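The data blocks that follow each hold one structure.
Same chain, two partners: chain A is paired with chain B first, then with chain C.
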Partner chain A sequence: MRPSLSRRFGRSVVALTLFATVAFLIAPIVLTVVASFAASWTGVLPSGFVTFENWRAVLGLADTIGSQRSMGWSPLLSLPLGGETLSVLVPAELAFSIGLALGGVLINLVVGVPIAYAVSRYEFPGKEWVNAVSVLPLVPGVILGVAFLRAYPDLSATSFGLIVGYSLLKAPFMVMAVQSEFESMPLRQLEESARSLGASWPRTFLTVIVPNARSGIVSGAIICWALAAAEFNFSYIVWANGTQPLALFLQRHISNSSFTKAAAAVSMFFFIIVAVTLLLQRVGRRGFDTRGS
Partner chain B sequence: MSDRHAENSSLSTVRALTPRVVDAVETVANPVTEREREYRRIVALCAPFAALVLVAGLYPLSEVVRISVSTAQYRSVGFSLDAYATLFGDPYYRRVAFDSLWLTTGTTLVSVGLAVPIAHALEKYDLPGEDLLVTLVSFPISLPGIVAAFMILVLFGNNGVVTAVAATLTGSRPTDLAFAVSVPGLFVAFVYSMVPRATLILRGTYAEVDSAAEEAAQALGATPFETFRYVTLPQIRPGITGALILTFRTGLAIFGTLVVIQTLVVWTLQLSRELGVGYDVQVAGAMATVYFAFTFLFTVVGLRYTSAEVGI
Partner chain C sequence: MADLTLDAVRKDYDDTTALDGVSLTVSDGEILGVLGPSGCGKTTTLRTVAGFETPTDGTVRFDGEDVTNVPPENRNVGLVFQEYALFDNMTVTENVAFGLKMRGVGKRERRTRARELLEMLDIGAMGDRDPTTLSGGQQQRVGLARALAIEPNVLLLDEPMTGLDAQLKARLRTEIGALLAELDVTGLYVTHDQEEAMVMCDRVAVLNEGRVEQVGTPREIYESPATEFVSEFVALDAPDLPFVSW
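The block that comes next holds the complex of A and B.
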C-alpha cells in the first residue's frame, strides 16, 4: 500500500504554515526594533548602527519641530525641597495614556468582575444573552466615537470621556479573563462554606470570592490596560486638542516622520507591550490569552 | 376607529404587563424566598455593567439614531429619511458598502483558513518551543491597526525588506514592486490583524477536542487527512463558525490601518470623513446606525441559527 499523501506531507505542510505565519507576524516587529537604532534605511537593510538619535528624538530628549514634534515633558509631581522645587518630569503623552488606561481599568474592574460572577455562578433566564452582551464588543471605536460626540459634546474630548469610552470598549476582555478564572473555581462550595460560617452574601463575594480569583482579575486588568493604552480608533474620532493619547502620537510619527524615527516610536510601544506580556506570564497566562493555559 | 382599537389593545397589554413588572421590582426589593434573594443578587451583580452599557453605549447610540433622522444639522429635530436616501440611493455609498464587505469577507476567510492549521499544529504536535510560539502568535493582538499598517510598510513598502530583496533579485526598481500602499497591501494588513485573533479563538476550540477518537481513527487505518476530515472537523465546526463571525466583526471594525494605507474607502473610513470637511453629521449618524444594525443582526442570526460558540 502506498503511504497516503497526507501521511507523507500533512504534518510538514501544517507545521510550515505555522512557522511561515509566525515569521510574517514577527519579522517586521524585529526589523522595526533593529531599524530604530539605525541612522538610515534606504538599501536592503538599515545602516549606520548604532545610533540613539531616533530614540532621543521620539522621547523628546532632542530638539524637534513641527509634525515630527516629539513627546513633551511635563512635571508629574513637584516636591518643595528646602527653598527650591524639585519636579519629577515624565513624557507627557506616555503618562497621559497610562493614566487614562488606568482609569478605564478601574471602571472595568467594577463592572466586569460582578457580571462575570453572575454568569459563572448562577442559572437564570436569559443567561446566554447576558453572557453574549458582556463578552462581545457592543460597537467598534469609530462608531462609539461618533456617538460620544453627539451625546456628550462637551465631555467627549475630556479625559473623563476618553476613560469612559475606553472602559466600554475594553470591558469584554475583563469579563472573559475573570470568567475563565471563575470557571476553574468551585464557586458554589466556596460561597456555601462562607455563608454557613456566618458571612453575609456581600461579604462572601468581596472577601472570599474576589480574592480567590485574584490571578484572573490581575491578568484581565493588565490586558485591558494595554488595549486601552493602544486604543486608536475611538481616540482619533473624539480627541480635540491638548496632550495626545499614545496611539495618536504613534500615528503622527508613522505618517510624518522619517522611517527610522517612526520605527523608534513604534518600538517604544512594543517594549511596553513586551513588559505587559511578561507581567501576564508572571501571573500565569500565556501572552494575550484570556483562557487559562 | 382601527387606531383606537390598536390603542386599546396596547393599553390592555400595558395593564396586563404592569402587575408583572411591579411584581418583579417588588421581588427584587423585598425578597422572601432564597430563590428571590438569588435573583436580587444576580440583578445587583449585573447592574454596574448594565449602567455602563446604558450610559456609555445605548444612550449615545440612541442620540446617533436621532441625529440621523433630524432635519437640522446640529440639533435633533423633525424627522427625515434624507440621510438614508443618500446612503441607499447614492452609488458612491453602495460602492463603499460593497468594498467593505468583500474586503472583510476575503480577509476573514484567509485569516480563519490560516488559523485552523496554526491552532492544529499548536495543539496536536509536539513542537520545540511551543510556549514561545503561542506567545509570538498572540503578540500582535495587542497592536492597534496603525501599527499593523506600519508592519506592512516595513515588509512591502517602498523601503520594505521584501521589496528591496525582490528588487535586488529581479533588477527592477523597488517602487515598481512595492505594494504596501495598494489594495493587496491593505488586504495583507487586515490579515496581519485578524490571524492572531482567529487563532486565539480556534485554540480554545481545539483544547476541547476529544483526542481518544482521533487516536482510534488512526489505529483503524485512517490517514491523517481522513482523521481530520471525519473526526476532528465535526468537533471544531462550531468553533470555526464562531471564529468566522468574530473575525468578520473585527475586520469590519478596522479603522487605524486605513488611516495609514488609504487605498480603499470602506465604511469606517468614510464615516470619519463625513465628520471632517463638509461635516455631514446626518449621513455620519445614518452610517453609524446602519453599521450597528448590520453587525447586531448578523451576530444575533449567527448565534441563533448556527451552533457557533462565542468564547471570546
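The block that comes next holds the complex of A and C.
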C-alpha cells in the first residue's frame, strides 16, 4: 500500500512550519545583537562591522555628554588584598536594577508562596476574594504607580518604594505559577504523610511542600524578576533622581541615541535576562536539594 | 503495635454530620477493613485516628490510652494513600528514612533500616532512585515502607490499591497481606473494593452515613448481613468473589 500523504510529508511540514515561525520571531533579537556591533543601521541589515563603540558607550567606557550620559560604575564588592583594595566594578544602573528586581522577587516569594498554598489547600470563607485580590495588580503599572504615590507619598523616589511596587505589580505571576504547581500535587496527602511521620507543620511546609513545588516556584521567580527588571511605567512614575532603574536607562538610550547604541543597550538586557534565568534555575535545583538524610 | 479503640466518635461540620457515633475496636495485630460507599465517613474515620480531625465528641484510644487530643506528629501512626504522596525531592531511601530522621535516629542506622524494609518489600534495588522514576506498584511499596519504618502504633491505609491495574492489584494483595500478617500490624484498611477487603482484612466494618452498620468477618458480612443496607451493598459486585479463599 502506498503511504499516505500525511505519513510521507507530515513530519517535515510540521518541522518546517515550526522552524519558520521561530526564525521569524527570533530574527529581530538576533539582528539587534548583531547591530550592536555595527556602525549604522538604516536599512533592514546593519552595516559597518565590527565596532565596539556602541558597547563602550553603553557600558560607560567612552566619553559621553548630556542626556547620552552612560552608566556610572560602582564597586559591587571590595576586597582588602594585602594593604590594597581590589574592587569589582559593575555598571551602577545594572547592579541597581538587578538588586531592585531581586528584592521584589524576594517579597513575592515570602508572601506569594503561602498565599498560593492557602488557596490551593484550604477551604475558607472569602477564598475567592483572596484569589481575586492576589491577581488584581495585573493592572498596568501607570495606574498602580499613581495610586502608590497617593497612598504612600513617603515612598516616592526611594529604592524601597520601587522594590515594594515591583513585588506588588508582579505578585500575580508568582501566585499563579506556584498555585498551578500546588494544584497538580496531592497537597493534603503529602502534608499528612509528613505530619504523621513526625514532622511539625512548619518543618513539613519547608522541607516537603516547598521543595516539591520547586519547578513552579522557580518559574514564578524568573517571570517576576524579568518583568520587574523591565518594568518601565511604574519606575518612570515613582523614580525621581539618582541611579536609574534599567528600564529608564534603556528608554533614554533608545530615544536619545543612534539606533546602534540602543541596540547595544537592548542586547545587554537580553544577556542579563538569560544570565539571571540560568542562575535562578541553578539555584532552584541546588537550593531545594534537601539530600543527605 | 497497639490496639485501637474508637468510642462513640462523632464529627459534626457546620451543616453536616460526618461521623454519627462510630465505635470500633481493632485488636493488636488485626487489620480491620472499613467498607462503604463514598461519603459514608470512611476517610473521616481514618483522619480522626491519624489526628487530622478532632472529634466533636467521643474518644480515640491506643492501647487504652486516650489520644483524642494528641497532635498527628506525636501519635506514631503510619499513613498510606491512594496517591502515594511520596516526597519527590528525596530519593526512595530518604523517603523511607524520613520518619526516623524526624525521630532523631542517626544517619547510618536509619539508612540500614530503610534498606531492610525495601528488601522486605522486594524493591531493594530502587533505594537511590527518584520516586518519580518508579512504577505505580513500586511507588506504593515505597509508601508502605515509609509508613512501616516508624513502627507505627496503627497503620492507616486509604484506598492504597485503587490506582493500580487489576493484575498488579491481585499480586500486591497477596504479598502485602502476607507481609502485614507477618509484621503483626494493627491497621485500618479503607477501601470501596469488597474483594480487596475480603482478602486483606481479618474483619470488616461496613459504614453508611457516618454510622457502623455491621462489623464482622468477611464471611459473616456476606452470609448474614445485619441490615438491608449491608445486604444491598455486598450484593453489588458479589458474583465474582473467590468464595473458596476464605
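Throughout what follows, the second predicted complex is superposed on the first by the 238 of 293 C-alpha atoms of A that agree within 3 Å, B and C clash if a C-alpha of one lies under 4 Å from a C-alpha of the other, contacts with A are read in each partner's own complex, and residues count from 1 in each chain.
Definition applied: contacts are C-beta pairs under 8 Å (C-beta built on N, C-alpha and C of every residue); 3 or more make two chains touch, one makes a residue touch a chain.
Everything numeric in this text was worked out from a predicted model, so none of it was measured.
Trainee: Between chain B (first) and chain C (second), which, if any, makes contact with A:Leu190: first, second, both or neither?
Mentor: Only chain C is touched by A:Leu190; chain B is not.
Trainee: Quick check for you: in the superposed arrangement, does A:Ala15 touch first (chain B), second (chain C), both or neither?
Mentor: first
Trainee: Is A:Ala199 touching the first partner chain B, the second partner chain C, both, or neither of them?
Mentor: A:Ala199 sits against chain C, while chain B stays out of touch.
Trainee: By the touch definition at the top of the document, which applies to A:Ala38: first (chain B), second (chain C), both, or neither?
Mentor: In the superposed model, A:Ala38 contacts neither chain B nor chain C.
Trainee: Decide which partner touches more residues of chain A, taking chain B and chain C as the two options.
Mentor: Higher number of touched chain A residues: B.
Trainee: Is A:Val111 touching anything from chain B or chain C once the two structures are fitted on A? First, second, both or neither.
Mentor: first
Trainee: Identify the partner contact of A:Asn212: answer first if only chain B is touched, second if only chain C is, both if each is, neither if none is.
Mentor: Second partner only.
Trainee: A:Ala221 in the overlay: touching chain B, chain C, both, or neither? Say first, second, both or neither.
Mentor: Neither partner.
Trainee: Can you list the residues of chain A that touch chain B in one structure and chain C in the other?
Mentor: 288-291
Trainee: Which stretch or stretches of chain C touch chain A in the complex?
Mentor: 47, 50-52, 72-79, 81, 83-85, 87-91, 94, 97-99, 101-103, 107, 110, 143, 146-147, 150
Trainee: For chain B, which residues are in contact with chain A within the complex?
Mentor: 37-39, 41-42, 44-49, 51-53, 55-57, 59-61, 63-64, 67, 114, 117-118, 120-122, 125, 127, 131, 133-147, 149-155, 159, 161, 164-165, 168, 192, 195-196, 200, 203-204, 207, 223-226, 228, 246, 249, 252-253, 255-256, 259-260, 268, 271-272, 275, 281, 284-285, 288, 291-292, 295, 299, 303, 310-312
Trainee: Provide the residue numbers of chain A that touch chain C in the complex, in ascending order.
Mentor: Residue positions touching the partner: 186, 189-190, 192-200, 203, 208, 211-212, 214, 288-291, 293.
Trainee: Which part of chain A faces chain B closely enough to touch in the complex?
Mentor: So the residues of chain A in touch with chain B come to 4-7, 10-11, 13-15, 17-18, 21-22, 24-29, 31-32, 35, 41-45, 107, 110-112, 114-115, 117-118, 122, 124, 130, 132-144, 146-152, 164-165, 167-168, 171, 175-176, 201, 226-227, 230-233, 236-237, 247, 250-251, 254-255, 259, 262-263, 266, 269, 273, 276-277, 281, 286-291.
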